[in-house]
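Right, I'll just put the structure down here and ask away after.
All chains are identified by letter, namely A, B, C, D and E, in their written order; residue positions are counted from 1 within each chain.
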Amino acid sequence: MVPSSYYLALAAILFSIGLFGVVSKRNILIVFMCIELMLNAANLTFLAFARQSGNMAGHAIAFFVIAVAAAEAAVGLAIVIAIYRTRGTLHMDEVRVLRD
Amino acid sequence: MSALPTPAPARTKTPRLAAIVSVTAAIALPLGLFCVILFATPLLQPALLDGFIRERLHRDPATWYWRDGVYTVALLVLAFVFANFAAIFSGILSWWERRVAGRIQSRIGPNRAGVGGFLVWIADAVKLILKEDLVPAEADQMLFRAAPYFVMVGFILTFVVLPFGESIAVSDMNVGLFFITSITALVVVGILLSGWSSNSKWALFGGMRSAAQVVSYEIPAGLAIMVPVLMAGTLSMQGIIRAQGGLPWQWFIFRNPAAFALFFIFFTSQLAEANRTPFDLPEAESELVAGYLSEYSGFRFALFFLVEWGNLWTMSAIAVTIFLGGWQIPFVPNELYAQLKGTGFPPLAWWGLEAASMLVFAAKTMVLVNVVVWLRWTLPRIRVDQMMSLCWKYLVPVSFACFLFTLLWQIAVAAVPALETAMGVGLTAVSVVLAVLFARQTHRNITAIGDRVDLSNW
Amino acid sequence: MGDRAEMAVFWIFTVPLIAASLGVVVTKNPITAAMSLVGAFFCLAGIYVLLTAHLVAFLQILVYAGAIMVLFLFVIMLLALQEEILGVSRIKVMQGFGALGCVGVFAVIYRAILATGPRMMPQVGEDYGTVKAVGRILFTQYLLPFEATSLLLLVAIVGAVVVAKQRI
Amino acid sequence: MEKLIMRRVHQGGEEMILNFGPQHPSTHGVINFLVETDGEVLRRAVPDVGYLHRSIEKIAETIGYPQFMPYTDRIDYVSAMMANEGWATAIEKMLKVEVPRRAQYLRAIACELCRMASHLVSVGTMATDIGATTPLVHGIRERESINDLLEALCGARLTYNYHRIGGVAFDLPAGWSDKALKFLDHFEKLLGEWDRLISFNEIYVKRLANVAVITREQAINYGLVGPNLRGSGVSFDCRRDAPYGAYADFDFEIPVGKGFRGAVGDAFDRYYVRVLELRESARIVRQALAKMPEGDIMAKVPRKVKPEAGEVLSRVESARGEMGYYVVSDGTDKPYRVHVRTGSFLAMGIIEDLSPGLMVADLVALIASLDVVAPEIDR
Amino acid sequence: MGFQFGAVLAFTVVAIAFAAGGLTIGRLVRPNIPGADKAAIYECGERPIGSAWFNFNPRFYLIALVFVVFEVDIALTFPVVAVYRAWVSHGAATAWVAFSELLLFTLILVVGLVWVWRHGDLEWVKKVETDESAPNGQPSSLAASKRAA
């Protein structure tokens, strides 16, 4: 049996990696991927706690998180397309500069 | 068929050895494959494996330190058996399709390698292994090499939940159908990668078309799958089959008018997902040369082709499972299997019944396989915008409507159970009448031009 | 499945999972990043199965690997994003701070985990995590969020189409 | 070295520019199109011809008049008989030779059988280009029977070299008429099957109807000929409107596009006009066999063909439309200049201007519906 | 339970091994005579014009977008659908409650489909943007040659 702390630690590692990407990467697409990674880390935590408590509520929450992630990806990537086709770049700093 | 028959060229006699080899292979290979699956699948599962070790070897595996290791080896053996089944059967199906195509096109088809050209698929495989493996210099080397693996894994994984008989399924997961829907993703990713990584415009076109097509048709397919789930109340493949019966009016397809419509929608979607005519746009030879396969050669190409023909089996098997009663034998209740099996190592009668259920399943599947082959050599290809509008403007709305209808239908059936039986008998009768009318019209068309039905010269 | 086997499977999935996640942030090529993410999602699904969350595991594959990643791949391929226009931040300091901050975050979380100590997982029924069990709670306890999800998806489709269509 | 044709496409924009052909399954030979696409939709398709140029017209200037006859087979090897006939009628006009009636009838029979063979290939490959592979094989099967007949008549199955200046090479072999009639009985029944098999297949119709519409005016302005012209609703056929040989003796219809399943002049009209012409050709062969006059098959032609100085133009209706031979003689035994005007070449001209807005699959349908044959374009 | 999902892992391993094994066997027996022409990219026998890694029409993206939303819808509906039968068998009252829940969920999504349809996003845009190089009605070759001059 794998203790729950293993899963939680794994989730923490994933979250940190995702966070690192969000902070340091300047490409919107990669930032998006990192956000997905962080959402997954959250999901893993939910499921680990659900398993630990023998309660299924975590599953339902993970369910909704996945739905939210999909909605976020759909809208986010649409924005990416729009930005790229008007500005020709996906670099966050440049996009910000061009805004004003 | 021509009015001016030219004398047939003198038949070169197949050498005796080749004849013996091919006839033996033609009989022994499918038979052997099914036998191995029949025995290996239940035997290598923990329950029977334990029973076997306990009763025949008189050891108790529960005390073994390396018990999980034994199970792992058993699983790997099982996976190997099914991978071989997939490979060999797709080879045999490729030969079969070419023979059928030959008849449809009033030509002979492959007839050189062995009797009836049966060994041609082995020759093809050997040739493709011996071919030089080319990777375009400007391609994305890593992804180009990785793409066939994705497709291959996505295809082989289907066999994890695909049933073959009453107890003959590797794993009867509670998420069975969901599993099948989700691993299609691997194939999509593989095709997108193969199209993009080739750095060839034709491949890119093919990859884009294919990905768009597969994902679009996943929606009507997914909605169509939901109706059997609604009717059976489970996602497990075996559970869905157990909820049906052996006689046609006990199949899901006839028990609910929405399911009847959805069967055709599901079948169409499966054709599209397997890139079969009339949805062969991704590799449309006359438009895109070879689509996403343009740059592939040798064994990598063979892997894609293996998947293409293997898909013939899997798509038909899934349709048989969820709509056409699966392995159910007429007049054999589900309880009989459990009764025969008893508690210990199952007796011969049980194995016989399993073999019969497998036979029923394989026969139904082969019927559908032949329908797919027939369609491929009959229909033209639709255009990419028509493909999209067919999916989104016809199949998806109709599927939604059928889905909602089934929700109501289930409530009605719960109130009046006789409704389902009546509908089953009625729709079966309608289908029989339609089939007879179709056969009559076909016969009339054949005789109208002075031809006759000729099934000789195989 | 025995404990040792479960632990082995855990590591079989964990090591590639962490490697793949690192691949997402380290690589310069967006396609490689996307493929790493696909790999990470598959490994994560394996971990979910270990947590007896069967439905969520395959939902993960279906939605993430099947839908969201296809969307990502489409965008990368449609925009023909090459390495040049991707590059990491020009401010290297930012990266250093980012790394430092993340290690800090991890340290904080890890302390909290250590504080709770290793908890053994309780035995759960056959039904736990199956399709039906999740379906049941979605139908009762989480009915409102369930219906709200469809609204969310409706808004997402409208919003995404409007945004994406702006210059198409 | 950059190809000159590259100047014709817009580079550096958002469109993808790709080579469609020469090694492409549906360009019907080695033709190259530079295609400018925005996704699946074409901005423009610029044809680049010349891959199959063999200087056939120049060869004519270096060899004598009768010797050029086998070369004409190679101008359009799918309907070689009509190319023969064009050359023969041109030189006969120059020499003012009257071809015997029997030879004219034999020519008509051979040409119409050849037209049927050519149209079978055309409609069959069209079906293949649309994605249905079976009709082509059925078409080729019937074409084999026609080839058997033609082989019995002139000893060759593809490049016939049947015509001679002043007549034809061989008379009908014994029993040939019966064989031909037997084939026609079979073939006419088969046309019904062809319609059931492919013509009115719903997907096929949807792929072709209202695709690449050529209006009547466009067809005339671009100088389209043959089935491409008639598909746009213009009833013009050299066999009727500029009769040559024995055609004035026969009773046959000129099918024109009526918008069978869509607009007049769409790809389906061009396709279906060819299917209808199959039946008319069969009718002509029947009539010719029935009315076959007795007599010689060769006129008296001097051994050394040496026409007077001058020029002549002959027009015949080939399977791909009006085929014109313009021959200038300087009084020697070799032509001074020969020019062949072919239907495929004219059809290529319209593709670039029809292509904007078509989809990649439509371009394939357009090329197929124009029935271009690469050697005829380049000669 | 472990066996059921272990099977997925085992099949994955075997599928990869199968493909890798075939390629390895091939590597031992097949010829390997590389050449620049063989490594060239196929573009119908002509030299490729530019790379294929190029802006592709985002039309396909819209399809993927609509797909994602409906895929998620299907994924979310599956577990609910699986228990629907059990709910219906509880009696008429629960049956109608369950029905209206699923009906509402589906209808909201159908509204999305209808909106996208009305908005014309399911159509394939065939209109060619008229740029200055190809004015309407004028044969484009003329315009192109003008530009070339």
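The rule is simple: contacts are C-beta pairs under 8 Å (C-beta built on N, C-alpha and C of every residue); 3 or more make two chains touch, one makes a residue touch a chain.
Predicted, not measured: the structure shown is a model, and the values here were computed from it.
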(request) Enter the minimum step count from chain C to chain D; a value of 1 means the two chains touch. (result) 2
(request) Give the fewest steps needed to get from chain A to chain E, where each step moves from one chain to a chain it touches. (result) 1
(request) Kindly work out which chain lies most centrally, taking the average of its C-alpha atoms as its position. (result) E
(request) Give the label of the chain whose average Cα location is farthest from that of chain B. (result) D
(message) Using C-alpha centres only, name the chain that sits farthest from chain C.
(response) D
(request) Using mean C-alpha positions as chain centres, tell me how far chain B is from chain D in Å, no decimals. (result) 45
(message) Using Cα averages as centroids, what's the distance between chain A and chain D in whole Å?
(response) 63
(request) Determine the centre-to-centre distance between chain A and chain C, using the mean Cα coordinates as centres, and give it in whole Å. (result) 7
(message) Counting only Cα atoms for the centres, state how far chain B is from chain E in Å.
(response) 21
(request) Could you list the positions in chain C whose residues touch two or more of the other chains? (result) 1, 5-6, 52, 54-55, 59, 62-63, 66-68, 70-71, 74-75, 77-79, 131-132, 134, 138, 149, 153, 156-157, 160-161, 164, 168
(request) Indicate the residues of chain D shared as contacts by at least two other chains. (result) 16, 18, 24, 40, 359
(request) Note the residues in chain E that touch 2 or more other chains, in rising order. (result) 2-3, 5-6, 43-44, 48, 52-61, 64-69, 71-72, 75-76, 78, 81-83, 86, 106, 124-126
(message) I'd like to see which chains touch which, written out pair by pair.
(response) A-C, A-E, B-C, B-D, B-E, C-E, D-E
(request) Would you pull the chain C residues touching chain B in the complex into a rising list? (result) 1-2, 4-5, 31-32, 35, 38, 54-55, 58-59, 61-62, 65-67, 69-70, 73-74, 77, 130-132
(message) Help me check something: in the complex, which residues belonging to chain E touch chain D?
(response) 43-46, 48-50, 52, 54-60, 124-129, 131, 133-134, 139-141, 144-145, 148
(message) Which residues of chain B touch chain E once you look at their complex with the stated criterion?
(response) 45-46, 71-72, 75-76, 78-80, 82-83, 87, 129-139, 148-149, 152-153, 155-157, 159-160, 170-173, 177-179, 181, 196, 198-204, 208, 211-212, 215-216, 218-219, 222-223, 226, 229-235, 289, 294-295, 298-300, 302-303, 384-385, 388-389, 392-393, 396-397, 400, 403-404, 407-408, 410-411, 414-415
(request) Spell out the part of chain D that touches chain E in their complex, as residue ranges. (result) 6-11, 13-14, 16-24, 32, 34, 38-44, 46, 352-353, 356-357, 359
(request) Enumerate the contact residues on chain E facing chain C in the complex. (result) 1-3, 5-6, 9, 53-62, 64-69, 71-73, 75-76, 78-83, 86-87, 98, 101, 104-106, 108-109, 111-112, 115-116, 119, 121, 125
